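The chains carry the letters A, B and C, assigned in the order they are written, with residues numbered from 1 in each.
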Amino acid sequence: MKHYLHIDDIDSMSSWLSLAAECKKEPFKYKKLGEGKVLGLLFFNNSLRTRLSTQKAAYHLGMHCMTMNFGNEGWALEFEDGTIMDQGKAEHIREAAQVVSQYCDVLGVRAFASLTEKEQDEAEMVLNGFRKYASIPILNMESATGHPLQALADLITISEHTKKKNPKVVLSWAPHPRALPHAVANSFIGIMRQNPQFDFSITHPPGYELNPEIVKDVPVSYDQNSALKDADFVYVKNWSAYKPYGEVLNNDPHWMITQDKLGEASFMHCLPVRRNVIVEDSVLDGDNSLVIQQANNRTYAAQVALLKILESL
Amino acid sequence: MKHYLHIDDIDSMSSWLSLAAECKKEPFKYKKLGEGKVLGLLFFNNSLRTRLSTQKAAYHLGMHCMTMNFGNEGWALEFEDGTIMDQGKAEHIREAAQVVSQYCDVLGVRAFASLTEKEQDEAEMVLNGFRKYASIPILNMESATGHPLQALADLITISEHTKKKNPKVVLSWAPHPRALPHAVANSFIGIMRQNPQFDFSITHPPGYELNPEIVKDVPVSYDQNSALKDADFVYVKNWSAYKPYGEVLNNDPHWMITQDKLGEASFMHCLPVRRNVIVEDSVLDGDNSLVIQQANNRTYAAQVALLKILESL
Amino acid sequence: MKHYLHIDDIDSMSSWLSLAAECKKEPFKYKKLGEGKVLGLLFFNNSLRTRLSTQKAAYHLGMHCMTMNFGNEGWALEFEDGTIMDQGKAEHIREAAQVVSQYCDVLGVRAFASLTEKEQDEAEMVLNGFRKYASIPILNMESATGHPLQALADLITISEHTKKKNPKVVLSWAPHPRALPHAVANSFIGIMRQNPQFDFSITHPPGYELNPEIVKDVPVSYDQNSALKDADFVYVKNWSAYKPYGEVLNNDPHWMITQDKLGEASFMHCLPVRRNVIVEDSVLDGDNSLVIQQANNRTYAAQVALLKILESL
């Protein structure tokens, strides 16, 4: 039984990529594989792309989907062990995960970082709660520290659009009015590190250092202009500080991505994107933006992940 | 590629009506047509009839449905161009519409009038936002100024129940505690004007004049009693003033429809209906009420609209 | 046309139990039966198990499901006759039930007790409103006074786990921070009374007497310890007082179920359960807990009820 919790669960990057290409060409090819199988999708947070693309992927695979917004449709969950549950939480993850495992064959879970409880976020309290107590495979639909479906879609997109063997890829921080999680950046860094053919680096203002255990030896620059120079792909994303955890240190508008900064590079973003805050209109509306293609590849990323899970059952 | 945005998108009234009759007789006849096709339903407002009847219609046509309450499940959308998105709106319609187009083959959108922003409502900001940026057909599930699925269901219902060649049809305003949109009235007027065999007129209190570009030369009377005289069908609906836009001018209970006023005429309403405010109980519970049949015909109206869209793909 | 509103709708306990066993063994055996049939699920309250298990059951039977959270997706319903609907309620149950009957072949309804309006709760205002005005079979997914799908799942679970002909079954009250409905306790008592082979009794603190018309001649004890002695199955549940209706009289923690009190008995609860309030961790995590099996049997209880309804169409 295989999960798709983290990009490390991709056993062979090249075989996943070719499977994605195959699914994109012939979406219903593996429709028999999911027949009679139920995919439960539990949302603890809002979702547009993940919600629809995962349902679409399941449909391509012949699976039956049951979607649930846990927040307002189910019961508030307790994740701590040994607590006296006499407050607001009505159900413990131990029961919830075991119960849901009996109604579904595969379980997708979306649960964002709190950005206030660092320890819980790093422990992936919700995702790992389900993994620990469920008896079925878990699909990570964005968790506190990772968004492996997004990263896989990003890799598919870069693969489809690169003309070079060793393209230069830069992850750039950009300003945003609210504190955002690190999940997308973390998984993108992870998948770049797993594919050493990319000339990969990161640029952000001082203070926005990401978790050093994830960044490891990836070059980091505080000088956005020099970092973006001659880039082939610029992946843009806001994140809040990792230290002090979840804080917005500054929102320097000079870090917004402009056509001028981008040059000939392709622009990437996971969406939703704040226009003229993260990036100026002309970039998004220009020919070098890949954001719509990335979103499309979310379907095939989910389809490959589900396919690998189904094959492991 | 055809949309169903407005009753003007009905290319031939008689062929649509006979197709509706055919679908009603044999609901699954065209089940092959939608096979492998995905219908996305995006709700920006509450819905009972539209939600269920459109899903039912899609099921009849073999389509796969993905339903989403955009308000609390997705991201707040920005529709203005060129704005600096540093406030509450997280995603621009340009991205949302393009992205959703990749997950679906047809897209249903429900977005009521604000009744406060006349210009935006008249421009059909939400519906037209999707039409402009989506690359797939759009199905109007009630927009700011029209409800063409309702109007088509209404026409089917009148056709089924008329014994005359030129029945007298009257649209009457009735009181309601809240300010309601003009969409249903607008589309009903439109479909009556497209079918000149009907002896059609409107009655409402002074001040409740609807958009003159929609009403055009339809006779309007401020005298409800004389307007309803010898009517065959009385379509009842509340709407707020068009000028001053969205205001409730008065709630004169004398405009409530009674059995006495109705006489032998059939009573029609799109539902939900406020009992003993819009119409007295005895009318709704009497033999001359067609409201349940109208609601049933919503399924076949949606089915015909989807069928025409599917045929155009 | 058969409903499943109440455990009294089970016409033959033994045939339902053997059908449940058959469905559990071969879930898709009756898949043809529901083909082309639509199950509408209307939720007026939160739900995890009922939501997913009923959808799963419908899937096994080949039915198409349309799920709706009536509270925030539809319109506030009026249930009183003759009212002037000029307040918050937008639609009357008379229209809603008739309309929905046209879109669905079977209708599941979940509507909890208010615990403040005793008369309305006892009259099963919501459930009976749908039963009265709908023209299709109704499936009770927990109503104000009963939860017959839960009771059937409970009976299936006991049947699967009993080694004795006349096992001793005890229903025990346990403390809870909030006022809870009587539905689960009522239906469990009812199904125990219908199966006189069980040596059945109830224990609760003074004041927590349930409706005497439901309890009838079932022995009731205020002494939990002696009541639990030599029990084979201990069904634990909190409920608020019946008199004064819906009140929490005390939350005596001594009534919490411990491993010590339970002895060799199997522990049962409908879930969600408050750990270390209703029952201590070691019981739930021990070998004698049947709560996960009960939840699993919700699928087969729903499947048998739907199967019986489908056969009656």
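What we mean here is this: a residue touches a chain if its C-beta (ideal position, glycine included) is under 8 Å from a C-beta of that chain, and two chains touch if they have at least 3 such contacts.
Worth saying up front: this structure is predicted, and the values here are computed from it rather than measured.
Engineer: Assign the assembly's chain-to-chain touch graph to one of these shapes: line, ring, star, complete, other.
Structural biologist: Topology of touching chains reads as complete, every chain touching all others.
Engineer: Do the two copies subunit A and subunit B share over half of their interface residue numbers, or under half; same or different?
Structural biologist: Homomeric contact, different residues on each side for the most part.
Engineer: Just curious, how far off is subunit B from subunit A if you go by their C-alpha centres, in Å?
Structural biologist: Their C-alpha centroids are separated by 39 Å.
Engineer: Where in subunit A do residues touch two or more other chains at once?
Structural biologist: Residue numbers touching two or more other chains: 72.
Engineer: In their shared complex, at which residues does subunit A touch subunit C?
Structural biologist: For subunit A paired with subunit C, touching residues are 36, 38, 40, 64, 66, 68, 72-75, 78, 81-87, 90-92, 94-96, 98-100, 102-104.
Engineer: What residues on subunit A touch subunit B, complex-wise?
Structural biologist: Interface residues on the subunit A side: 28, 43, 46-49, 51-53, 55-56, 59, 69, 72, 177, 271-277, 281, 284-285, 291-292, 295-296, 299.
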